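Look at the two complexes coming up: chain A is in both, with chain B in one and chain C in the other.
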Partner chain A sequence: MSKLKKLSIPYLVWMSLLVILPTILIVLLSVTDLDIFTLGSFQFTLDSFAYLVHPEVKIAIVNSIRLSGVATLISFLIGYPVAYYLANMKSKNKTLIVSFIIIPVWSNMLLRIIAWEKLFYPNSILNMFGISLDLIGTDLAILIGMTSMYLPFMVLPIYSVLEKMDRSLIEASKDLGAGTIQTFFKVIFPLSLSGVVSGTIMTLLPSMTAFALPERLSGGKTLLIGNIIEDYFMKTGNINAGSLISILLMIVIIMMFIGLLRFDKEGETLI
Partner chain B sequence: MAKIVEIKGITKSFDDNVVLCDINLYIEENEFVTLLGPSGCGKTTLLRLIGGFETQDSGTILFNGKPINELPPNEREINTVFQNYALFPHLDVYDNIAFGLKIKKLDKELISEEVSKALKMVKLEGFENRRINQLSGGQQQRVAIARAIVNKPKLLLLDEPLGALDLKLRQDMQYELKEMQKALGISFVFVTHDQEEALTMSDTVVVMNNGVIQQIGKPEDIYNEPKNKFTADFIGESNIITGVMIKDYLVEFQNHQFSCVDYGFKPNELVDIVIRPEDIVLSNKVENQISGIVDDITFKGVHYEIIVVVDGKEYIIHSINKVNIGDEVSLLFGDEDIHVMRKSNV
Partner chain C sequence: MMNILKIIGKFFQKRSLAFITIFAYGIIYLPIAVIAFLSFNESSKSYIFTAFSLKWYGEIFLDERLFEAIVNTIMVALISTLVATLVGTFTAIGINSLRKRNRAKMMILNNIPVINPDIVTGVSLMLVFGLLPISFGMSTMLLAHIFFSIPFVVLSVLPKLKELDLNLFDAALDLGCTKFQGIIKVIIPSIKTSILAGALIAFTMSIDDFVISYFTTGNGFQNVSIWIYSRIGRRSFNPAVYSYNTLVVFITIIILIVINKLGYNKKTKGMIR
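Our next item is the complex of A and B:
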């Protein structure tokens, strides 16, 4: 036991230095007037909370919830049938086909965002096919980007639940008189709910907190909460307000995960 | 009695593997039929064909005289108790049992009444709101039965439902299932590999091996008059000896001739002879009888299982009298204890 404990030391050091310490720092920054560069005064203050009602912040919060919500819904509507189809596929190459869903995730995300950006400008490679898009700055561009980025995270948890589902439950439902559609809504869908919740959170979280994606695909016009945090840290230098928003976002995320664990106690849908 | 199900010339293969070969069988109203055979004999596939979960390659299944080949499971008036119970884990006991009734869109009060009746029948009153994972194996089994019978099917299919239960519980359930079948007045088709279970519960036993029906009959007939070596060997313990049928009512084996009750064989036809272990009486060595030496003796509770070696062939004998290893004994049995069967290719 103690031997195994020693093995965990590198990880504990790593966690302390790069996760716990910065988190404490951010909490401190959010409720004090500490200037991280000059380390002058160090007074407790709730001044940063004033920024939460700043119109820019309000718009960003609304944008984040609205766009990530719609992107998640689209991902679910596209992803569930895909997961259902894959789970019921009898092909011997099932694993290979499923890995095609994962492969795009392996390529750099920023690269994929920029690729979409190029396509959305009026002058793009699509002109070759006589198509000229002008989507930069529209919600549609962001939704397409988010959906394409995070769809695999919706498909895989649902797939893994459906794949493990006991086939005899479906037979039992039919045996008791339920048709195919009734069987889906009364048995298959309720039993795949833990996968849907996992997929929803794994899609919702990254799209809600995205900042590079809206920045590039909106040409800087549409602000999400991630853009506000980036602005405060990198541009306006308002690190204390940026910290506060980060902390609040983190609390929301932790609450979502607690919600997930209630649905999926063994965490089996998280890959 | 009217035939509820008629199975005519059913053949089924998976890939190149023939699992059922020209099955012909009928099930009467209010009959308890057991499909008995070793694993892989096709008994479960036959059950699934009746339930509609598989489609036969050829042949017809009639239900109440009408072909149901094309009917999906949800349109057949048949319910199934699955091997692993297949209870819905997201529903409680009440909703599991009410599932079929809700599909039929019955009145809420009627559903509640029927569910209570079904729970009473399986002796699980008061379990309505339990989650499935809070139930023991035996209780899950009862819920699975209740969920099926609440729909009042004309035919209930049971796929090795007692397999996962311990011996005592299994024996109780055997009795209860039989009682339930009588009380409900519907037909049961019960799949098992346990010959004792089959003999205890059934009106009719269908013995299967390698996708072929070996014998159909009442439990007593299957036990006392096995048609071939497979059935004799599979049902109960038996001594199977190769012999020659000299003429009607006279058979020779182990270098002795015996009169017997069997007839209708060709003169000097090679046959299999079955003598049940409990039909053999051991005595001190007598001339002109099959004699051998006691090789082993095991206490089995009610009786001793004694192995006697006669000219290199082992005989199993069940006796309540103890003998000693090494004793020289004779094997005595009556004419009617000798059962002669045609040699089969199995």
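Our next item is the complex of A and C:
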């Protein structure tokens, strides 16, 4: 068995180069005035932290948390019943029906965002049905978009936990006198919690850090943290402040990840 | 009387669950339906449907930049999937034979790109590639795609490896196999469905990626996502991309149905997760 250990060494080198090195670099950039293009001498400075209280950054942080939080909550409220229904479905084509929920992922995400954008303008193909929406720039547009994009990632982990659940536990609970609702809240739901946690993280993360989606569905009005990072790195060249925001985002994500580890020891419900 | 009420209640419960499920599929599929609808639109305007037409399907091959972007997307996806599947499989075999503590550490490292927001991964890779003596373009995008695909292959293969009895491998060595032969002839055949599943995930991630590609490309090298992003709301946005997308979705559905049918005949499990 130990003869195969060496096979993991190249990966360790590769990951050190592409995960650990850039992380060090980002930390360095965020607490110094290092110029990434010239890589000259640098000095320790906390200048980048001033950007954290910039009005647009503050608004973006609030927007990210608020919109992704609500979108995740909506996804959970819709996704749990869907996962429950699919897991208890008795159909010959069950796997097919379940896998249909991930097909949209094969469709280009930007195009799906554009499709929503087209529907949300007053002049749209919906006019054919006598409907005219004017949602661009509203939170509702972003929330619908996020829910539509990330709902599959909420449904699948919950589904896979519910599907694997030992049915005899449910029968036992009923035999012992619990009603349907009691059984659900005392047996089924607590046992499906690891799926709920995975689903929540997999919905929360991409919606919190999205940048094309809010940009399109708000007509450029609503900024999320992803828009700030993109702006700093690609447009205004403010690499140091962009790095600081990125590293803070990464810390938040790692903390969530540690939370997940408590439910799922080796991170295998991730896919 | 109470019994009847209970039955109605139960019926309604199931009905409402079914209703929510249909609603969920509806909001997930609506944008795809809109894209398909627009791909058959004679007009290039997206707010009015003038007549049914297949002209945008022909346009896929006539718009040089778009066609090039499609070729680039498929090429990057194929190469990165191939490399990531190979490397990921061997890496997973290595990780599987580590001691518990080291294995957990490797898995944390492995999961960072999975859990990290795309935008942070994109920015990180952009910074590292900037230090390397390579110019941004296909090579950097390809490296990025290989990078984010490997962890998914590892995650897909590892659970199956854990179930595998490694004494079989030792037996193969005792019987005169080299280590490499042992891996190829004993380990790989018993984990091939998870390798395939991992490859499928890697391919999906690559073909749909926008954010990481956006940060790691350069010198005008575009995949479909970048082609779209650079043209949204411009005149050069060719509705032929709707046709391309509709074809991709259509082919995916066909493949899925075929796999499902085969799966039933052979009773193989684990093809679709």
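Throughout what follows, the second predicted complex is superposed on the first by the 243 of 271 C-alpha atoms of A that agree within 3 Å, B and C clash if a C-alpha of one lies under 4 Å from a C-alpha of the other, contacts with A are read in each partner's own complex, and residues count from 1 in each chain.
The rule is simple: contacts are C-beta pairs under 8 Å (C-beta built on N, C-alpha and C of every residue); 3 or more make two chains touch, one makes a residue touch a chain.
Small disclaimer: the values here were computed from a predicted structure and weren't measured.
Of the two partner chains, neither chain B nor chain C is touched by A:236. Judged by the touch definition given at the top, the superposed model places A:174 against chain B, while chain C stays out of reach. By the document's definition of touching, of the two partners only chain C reaches A:82; chain B does not. Of the two partner chains placed around the shared chain by superposition, chain B is the only one that A:190 touches, whereas chain C remains out of contact. More residues of chain A lie in contact with C than with the other chain of the pair chain B and chain C.
Contacts of A:43 after superposition: neither chain B nor chain C is touched.
Once the two complexes are laid over each other on the shared chain, residue contacts for A:182 go to chain B alone; chain C is not touched. Common to the chain B and chain C interfaces on chain A is no residue.
Those residues of chain A lying in contact with chain B across their complex are 166, 168-169, 171-179, 182, 186-187, 190-191, 193. Interface of chain B with chain A (complex): residues 51-53, 72-74, 78-80, 82-84, 86-90, 99-100, 103-104, 147-148, 151. The part of chain A that touches chain C in the complex is made up of residues 1-12, 14-15, 17-19, 21-23, 25-26, 29, 36-37, 39, 78-79, 81-82, 84-86, 93, 95-96, 99-101, 103-116, 118-119, 121, 123-125, 127-128, 144, 147-148, 151-152, 155, 160, 201, 205-206, 208-209, 211-212, 216, 226, 229-230, 233-234, 242-243, 246, 249-250, 253-254, 256-257, 266-268, 270-271. Chain C makes touch with chain A in their complex at residues 16-18, 20-21, 23-25, 27-32, 34-35, 37-38, 46-49, 87, 90-91, 93-98, 104, 106-107, 109-120, 123-128, 130-131, 147, 150, 152, 155-156, 158-159, 166, 169-170, 173, 179, 183, 201, 204, 207-208, 210-211, 215, 224-225, 228-229, 232, 241-242, 245, 248-249, 252-253, 256-257, 260, 263, 272-273.
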